[in-house]
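Shared chain: chain A. Partners: chain B in the first complex, chain C in the second.
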Partner chain A sequence: MEIPYIVTPRKDTGLFNSKIAIWLFLASEVMLFGGFFSAYVFLRIGADYPWPERTLPVLPGLINTFILIGSSVTVVFAWASLKMRQWRRFQFFMTVTIACAAIFMVLKGLEYNVKFHHQAVRLPDYTVIEGHLGYEKEKGKEVLDHHGRKIEENRILIEASGLTFSTVRFHTPWVEELLSQAAHRNAKITLAEDVSAITREGQAVGILAKAGEPLSPALLERLQEAHLEARSHNGALRTAALREKWTAAKAENPGKRGWQIASGVNIDATALEPKLLTEIGTVAFKVDPPARMNFKPRDVREGDTQSRLRDDTVIDGKLLASPMVFHNVDAIDFRHLAMKAVEKGQDPMAAIENSWLINNHAFAREAWEWNKAEVAKLEKTLIATYKVDPKTGKPNREPTAKERYRIGWKEFAKKAEDAGRPKLGFWGRISEEFKGPNYAARGEETFPHLSLPREQIGFSSKFTPAWNTYYAIYFTITGLHGLHVIGGALVLAYYLFFGRKMYESNPEWLANRVEIGGLFWHFVDLVWIFAFPIFYLM
Partner chain B sequence: MPHAGTMSSHATTHPGHAAPHEDHHHDPGFIRKYVFSTDHKMIGLQYGITAMCFLAFGFYLMMVMRWSIAYPHQPLPEWMSWIFTDGWKARWLQDGKVTGETYNMFGAMHGTIMVFLGIVPLGFGAFGNYVTPLQIGAPDMAFPRLNMASYWVYLLGGLVMCTSFFMESGAAKSGWTNYSPLAGFADGQVVNPWLAGQTQWLIGLVLLITSSLLGSVNFITTIINLRARGMTWMRMPFFVWSMLVTGFLLLLAFPPLEAAGIMQLADRVFHSSFFMPSGLFTKSEGLADLSGGGSPLLFQHLFWFLGHPEVYVLLLPAFACVAEIIPVNTRKPLWGYKSMVYSVLVLGFLSFIVWAHHMYMTGMGAAVSTFFQTTTVLISVPSVVIITAMLISLWGGSIRFTPPMMWACAFIPMFGIGGLTGLPLAFNLADLHLHDTYYVIGHFHYVVAPGILFGLFAGVLHWYPKITGRYMSGWLNHLHFWPSLVCMNLIFFPMLLQGMAGFHRRWYNGGDAYLSKAADSTNVFGNTVAQHIDMNILMSMGAWTLALAQIPFIINLFVSWKTGKKVESDNPWNATTLEWATPTPPGHGNFTFDPAVYRGPYEYSRPDSVQDYIPQWETPKKSKPDH
Partner chain C sequence: MAETPDAIRKSIRTYLFVGAVLFIGTVVTVMVATVPWLDVGNHGFDAWDAVLGLAIATTKASLVAAVFMHLNHEKKAVYWLFGSGIVFVTALFGLTALAKSDPIHDSRFYGKESVTPAPLASPTLR
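Entry: the complex of A and B
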C-alpha cells in the first residue's frame, strides 16, 4: 500500500499532502497565538495597575528581529538550492538558518536570565522598588541550603524550638532542609515524647517511637504508614456501623424517606471505641537548642510565636526580624502609587512625598528631588520644541507618567554620573543593555543599599510571570515562541544532517519537506514580528 | 454488471484490479498490527475500545454521584464501593458517605471524561478513523504515523488525568469548565503544584488538544487529497462532510483553550495572575500572595470559545452515523442532501460565534449578550434543517427496523428534545432563571446521552458487520435498546422539572440541606425543594438500571465477534457507499481494486434501476468517471 500525493501534487487540488497539512497546522497555530494575543489585549485594557510600557531593552529585541527575518530569507535560499539540486549550497544556507536560531535563543536566554535574578517589591503604599538582593552570610561566608545553593536575603527567620509534622502531608524535601539547617546550627531535632498507639484490633497500646529519637524522613514515613492503616481500619468500621444503623432504621420506619429519618441515624461512638486503632495525625519534635531557621516567604504563614508551613508543619518559636535586603536598589517607581492617589482624588505629588520610602530613606528623597528637577527640565524642553496650545494654554507635549514617576536604573546612573561618578565606556554600556546595570562598576553610590522590613512588603517577586500580568503574558508568548524556534530549528537540523540519503533517492521529496519546514519557520518569524512591538515598543 | 444484494462485492469479482502492493501477505507481527498499528482501521478500533472504557468509567463516577444525590446520609452500598481500597475510602468518604469534596471531584471528572475522553474519541477518533478513508476510497489516512501518534497522545492525556485520582490531592474538582480563580487556587495546599490533580487535569488537557490537533490535520488532508477518482465534493457521503467540519472545529476551536490551559498552568505553578483579579481573599489563605490584575472573564471567553464548537464536535459524528443509516434502511435517498451539506457548513461557521451564551450571568454587558443571543437563535436553523431532513427522509420509506435503525429512529426525537430545551437557555431572560440549574443538565444530557450516544450505538451496529464479518445479535440489542430508551427519559426528564423548580446543578446532597426550610410554610423555596426531592430517587434508580441495560451491549459487542451470524456478502445492508466495496474485514490498504466513483452517495430505489440501490462504485453502462 502506498499513500498517494506525498511527493507530487494532486491534479485537481494542486497540492501535495503535507502542504495541506502544514497550512492547516499553521491555521491552528494562528488560533493558539491568537488566543494569547487576545489575552494580551484583554489584560492590558483591563489592567488595574500602570501597564509597564516600553520597559524591555529594545536593542536585544531589535537584533533578534533582524536575525529572525534574515533566517527566514536563508531558509528560502536553502529550499531553492534543493530545487536546483545544489546540495552544498543547501547545506550552507541551512547552517546559517540554524545558526540564526541559536543566536536568537542565546540573546533570549540572556534577557530571561537578567529578569530571573532581578527582585521587585510593592510596598503597602504601592511604591515599587526594584533591585538586586544580597545573600545570607555568616562570618563573611555565604550560607548554603541543603542543595548547596546560596540563600537570598529574603527569608522568614524563626527561632524554632518545636516542630509538629502532619503525618500524611509532610513534604520530604522540606524535612531534609530543616535537618540541614539544624545541623548547621548544631541543634538536634528529636521526638518530643513517646508515640504510642494501638496498631491492631484488640491489642494493647504499644510504643511506635521513643522520645528522643532523631527526626528523619524514614521515621515520619513509618508513622505515616501506621496512621494510614489505622485510618483505613477505622473508616471501614465506621462505615459498617453506619450501614447497620441504616438497615435497622429503615426497618423501623417503613415507607419513610431517607431524609425524614436521617437525623436519628448516628454511629454509636462508645460501642465502636474499643475496636478502633490509634490515628497519629501529627507528631511533635523539639529543637534543642532552639535554632534560627529560614523559610521562603511563600512556603510559610508566619505568626509571632507559631508559624505554619504549607505542608501543615507547625513551627513553634519566636518570629525574628526578617527584612528583605537589597544590595543594590536600581529603580524606584511611583507610578502605581500616583495612580492610586488619583483614584482616591488626591494629589499624586503630595502622595509621593508622604510615602514611606521617601520619609525613611535619604537616598530615595535625594533621587526624587533630582528626578523632579530633571522632569522640570524636560517640561521646558518639550514646551520649547512642541510649543503651548494657544487656545487652552497647555503645553502640546508633557512628560509621560513613566518620565515623571519612575526613577529607573538609567536615571540612577545618570544622577551618579552628574555627581561625578566615572562613566562607562561604549561597550560597557552596550553590555548593560543585555545584562542589566553593572553594579560592580557603578558601585553602591549609584545603586544604594536598602533593608526593607517585612511589614513594608506588600507583594514581592522576581521579574517572573508572578510579578504582574505584563510579565506573565510576556514570558508566555515569548517562551512559547522560543519553544517554536527550538522545535523548528531541530526539524531543519534534521533535514540538514540526515537529509543526504533522501536527497540522493528522492530529492523532490526532501525539497517538499524543506518547503514545509520553511513555511513553519516563516510563521515563527511572523509571531515575533507581532510580539516584538507589543512587548518592546508599545 | 448486476449487483444483486447477495452477490459478493465488486472487489472479489474483479481480481485483476488488485492494489499494487499486497502488504497483508506478510504478517507485520502482533505489536505492529494490534498495538503500534498505523492502519487507520486498527487505530479506529483502538480509539473505540479505549473511549468505551472511559465512557464506562465516567458512567461509574456518575452512579456514585447519583447515590449521594438520592441518599446523601447513607453510606455507599458495597456493590458500588467495592472498587475502592479501604485507604482510598478513608481519605475520600466520610463514614462511607460521599463528601462534598469527593462529589465535586467526581462531577468534574465525569464531565471531563465523558466529553474529552469518551464521546469525542468515539465519534471522531473511532468512527472517523475507521469509516472516512473507506468512504472516500483512500488506502489509509494521509499520515498513518501521525494517526498513531494521535491515539497514543490521547491515551497518555487520559491516563494523566485519571491517575490524579490516586494523588494526595485527588483529581480535579473545579467542574469540567475549570473556571478561574477557583481552579487557580484548587489544591493550593499541595507543596509541589505539578503533583496536584488540578494541574494534572491541565497537562492532560494540553495532551488531548495536541492529539486532536494531529487528528484533525490528518482528517482534513485525507478528505481533501485522498478522495478516489470521481469522488467529487457533492458525491461525498454526508458522513464525510460531517467529519470534515468536525475536523475544522477541532483544528480551530481547541487552540484557544490550549492557550487558556497554558495560562492557567502558569497561574498554578508559576503564581502568575492571568485569571486572578486584584485583592483576592480566601478563607484559608487570607489575602492571596499574588500580584492580581488578571481577568477571570478572560478564562471563560477562551474556554467557551472551545466549549461551544465542542458541542458540535460531539454532535456531528452522531449526525454522520444517523445520516448514513437512515437511507440504507429506508431504501430511499437522504432527503435534502445538499441542504444538509450546506447546513453543516453553516453550523460549523456559526458555532464559532455563539460561545458567550454560556456566560450571560457574568455581567459582560447587555450589548454583548444580545449579540450572542441572536447568533444562538440563528444556529438553531441549520441544526433544525439537518434534523428535519433526517425526519423527512423517513417519510414514505419502507423502513427496515434493523438494530442500527432502531437507534437511529430513537435518536431523532431524543435529540429533538435536547435541542428544543436549549432554546429557552439561548434567551437572556429565561437563562437568568435556568442558569446552573438541573434544567441545563437535563438539556445537554438529552443532547449527549440519548442523542449522541444513541447515534453512536447505531453506528456501532451498522459497521460491525464490516469490521468483523458478523452481525450483532438482534435480541441482545432489544435487551439493550428498550431499557436504555426508558431509563434515559427517566433520568433526564425529571431534571428539566427540577431545574425549573430551581434545583442547583452542584448540590452534592440533592437539595437535602434546604429541607430544614420546608417546615417553615412561608419559605417558598424550601417547600419547592420538598416537592421535587423525591424525584432524585427515581432518577438515580433510572441511572443504575441504565448501567444494567448496557451489559447486553457489552456481551453483544464481544460475543458476536466470534459467534454472531456471518454476513452473506461484503455489502450486507445493500448500501451504496464505498466502505461496502472492500473485503470483509478490509485488509491493510483497504481496496482490492482501484476505486472509482460514478454517482452520488444515496442512489436508492431509482425508478430507472431494477435493484433498489446503485453503489457509488458500480460502473455505469455509458458514462465515465469524471477524471
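Entry: the complex of A and C
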C-alpha cells in the first residue's frame, strides 16, 4: 500500500503529513520542557535554602553549547545536500552531526560522574561541608568494605553481636549483605537457640532448626513458611470459634443488635490452645565473634546498644564511633547558616564565628580569615570602580553572598597557591574544570582532612537529586535533554546508515525524513540554548 | 520554503551566518555572566543578569526556530500547532507567579492575625 502525502503536500494543509506530525510532537515537547522550566522557576522562588547559583563549571557547558549549535548547522547542511542530490556530502555532514551528539553525551557523562562522587554534609548549625569522602586509612591502606570496594559514603558502624530477624519482613538481599559482611570479618552468624514448634495440629513440639545452624535465606524462608502456615491455621481456628459463639449468642438474644451482645461473645482461649500451631514471629541469631558491620544511614535507626534495620531486623551490639571522614574537604559553605541567622535577626558574621566548624578546626578558621581578607579586597575594588552612593553612603556594588560566605575549591586552591603551593599547569587546570579538583596534585595542604563526629552530621548526600531541589531539577531537565540527544542521534544515524536504498529509489522521501529528524534535532538544540544559561550562568 | 536546489544553494550562506551569530551569542552570554565590567545590575547574579541572559537565549532560540526550522516561511497549519503549544507554556509560567501570593506565608491563613508573617526566603542573600 502506498502511504499518501509523504512526498507531495496535502492540499488542505499544504504540507506533507510527517511535517504536521513532527510539529504536533514538538508542540507537546515544548509543553513538557516548559513544564519543567516553570518547575525550576517555582522551586527557585520558593527555595528555603540559598540557591546554589553559578555552581556548575562553565567550560564544559560552553563547549557542549558550541557542539550542539555546530551540529544544528551540520544537520541543515545534510538536509540541503540531499535536496541537491549530493549523497557523499550528506554522509559527511550527518556523520559530523552524530559525532557531535556523542561528544555531547561524553561530556555530560563526565559532569554527572563528578557529582556522583562528590559528597556534601550539612551540620546541625547549617554549615555545609563538601568534599571527597572515605574512611581513615588503616596502616596506610584504604579501608575496603566487604566487597573489596573503597567506602565513599557515610556509614553507621555497629559492633554486632546478635541479629534478630522478623520472619515475615526480612529482606533477602540484606540477609545476604549481612552474611557477606560477617564473612569479611571472619565471623559466623548462627542460630542462638533451637527453634521448636508445633507444626501439625495435635502433634508434639518438634525442632525446626537447631541452635548453631548457620544463617541463610533458605533457613529464614523455611521458618517463614512454618510461621505463615501456623498463622493462617490459627487464624482460621479463631474465626471459626468466634463465628460459633456469635451464632449461639444471636440465638440466645433474639431482637438484640450486635453491639448490645458483643461484650459477651468471647472465644475460650484455653480450649483452643491445644489445637494451635506455634507462630515464629522472630528468630534470633548470634554473631561470633562480634563483628564490625556498616550500614547506610537511611537503612538503620541506630541506638547505643540496639539498632533496627528497615526490615525490622534488630541488631544487638555497641554503636561504634562512626565519624564521616573527608579525605579532602574542598568547600565550606556558610550561606545557609548566614541565611538562618538573618531570619532569626542575628548578625551572620557573628553566627559564623560561633559555628562549630570554625571553633573546632583550625583549618576552617584559617580559611575563613583568608576569605574575609579576600572579600575585603574585593569590597575595596568595587568601591574604587563603582563608587559609593552619595545619598545612602552605601557602596553601589557589594560582594555577593556566595563570595562572602562560601569558600569553594577554587578559593582553597588559590589560598594554597598564595601560600606557596606549586601551581597547576594550563592543562591541569583545564582538566579540573571537567573532573573537579585534583586532590592528588594539590595535596592535603590545599584540601585538608576532616573527621566529622556523628552528632555533627545533620544531613549528608552526594550531589544527587537527594541533596536539594536544585540538583533535583538539574538532573531532571539535563537528563531528559540527554535522552532526547540520544534518541535524536539514533534516528539520524538510521538515515545515515540505512538511507542509501531509499535515496536511490525515492530521494525526495529521504530528504523529507531528514528534514523531520532535523526539526527534532533543532528543538533539542533550542532546549539547550535555554538550559545552558539557566543552569550554568544564573 | 526553500524547495528548489537553486534556492537551497542560496540559503546556505544564511545558515552559515546564523550559525556564526549563534556562536557569538553564546560567547556573549558567558561574557556578561563572568566578566566583571560587563556585569549588569548589581555585582554578581541578580534579576538584571537573568533578564539579559534570557533575552540573549530567546534571541538565539528565535533564530534557530526561524531559520533552521524554517518558521520564517512555513504554512499556516504549523503556526497554529506550534503557537498553541507556546500559548499553553506561557500560561503555565503565569501560574508560577501565583507562588508569590501563596497564602501559606500569610499568618491570617492560620487564623492568627497577631503573628507577623514569615518572610519569603530570598534566593540570594545580600
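Operating definition for what follows: the second predicted complex is superposed on the first by the 473 of 538 C-alpha atoms of A that agree within 3 Å, B and C clash if a C-alpha of one lies under 4 Å from a C-alpha of the other, contacts with A are read in each partner's own complex, and residues count from 1 in each chain.
Heads up, the rule we're going with is that a residue touches a chain if its C-beta (ideal position, glycine included) is under 8 Å from a C-beta of that chain, and two chains touch if they have at least 3 such contacts.
These numbers come from a predicted model, not from an experiment.
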Q) So, A:Arg454: does it touch chain B (first), chain C (second), both, or neither? A) neither
Q) Looking at the overlay, does A:Ile69 come into contact with chain B only (first), chain C only (second), both, or neither? A) second
Q | Contacts of A:Leu15 with chain B and chain C, given as first, second, both or neither | A | both
(Q) Is A:Lys296 touching anything from chain B or chain C once the two structures are fitted on A? First, second, both or neither. (A) neither
Q. Who does A:Lys462 touch here: chain B (first), chain C (second), both, or neither?
A. neither
Q: Scan A:Arg257 for contacts with chain B and chain C and give back first, second, both or neither.
A: first
Q: Answer with first, second, both or neither: which of chain B and chain C does A:His132 touch in the superposed model?
A: neither
Q: Name the contact category of A:Leu526: first (chain B only), second (chain C only), both, or neither.
A: second
Q.
For A:His184, using the defined touch cut-off, is the partner it touches chain B, chain C, both, or neither? Pick first, second, both or neither.
A. neither
Q. Touching chain B and also chain C: which chain A residues?
A. 13, 15, 20, 24, 27-28, 31, 34-35, 38, 42, 46-49
Q | Of all residues in chain A, those that touch chain C in their complex | A | 13-15, 19-20, 23-24, 26-28, 30-31, 34-35, 37-38, 41-42, 44-51, 53-54, 58, 62, 65-66, 69-70, 72-73, 76-77, 80, 83-85, 335, 338-339, 342-343, 348, 382, 385-386, 397-403, 405, 518-519, 522-523, 525-526, 529-530, 532-534, 537-538
Q | chain A to chain B touching residues, read off their complex | A | 1-5, 10-13, 15-18, 20-21, 24-25, 27-29, 31-36, 38-39, 42-43, 46-49, 122, 168-169, 171, 174, 228, 231-236, 238-239, 241-243, 246, 257-259, 262, 265, 267, 297-299, 301, 310-312, 459, 461, 464-469, 471-473, 475-476, 480
Q) Which chain C residues qualify as touching chain A in the complex? A) 2-3, 5, 8-9, 11-12, 15-16, 18-19, 22-23, 26, 29-30, 33-34, 37, 42-45, 49-50, 53-54, 56-57, 60-61, 64-65, 68-69, 75-78, 81-82, 84-86, 88-89, 92-93, 95-96, 99-100, 102, 119-121, 123-126
Q. Of all residues in chain B, which touch chain A in the complex?
A. 19-21, 23, 70-75, 85-87, 89-91, 93, 95-97, 139-140, 142-144, 168, 189, 191-192, 213, 216-218, 220-221, 224-226, 251-260, 262-263, 266, 270-274, 278, 286, 289-295, 298, 301-302, 305, 512, 515, 533-534, 537, 588-590, 627
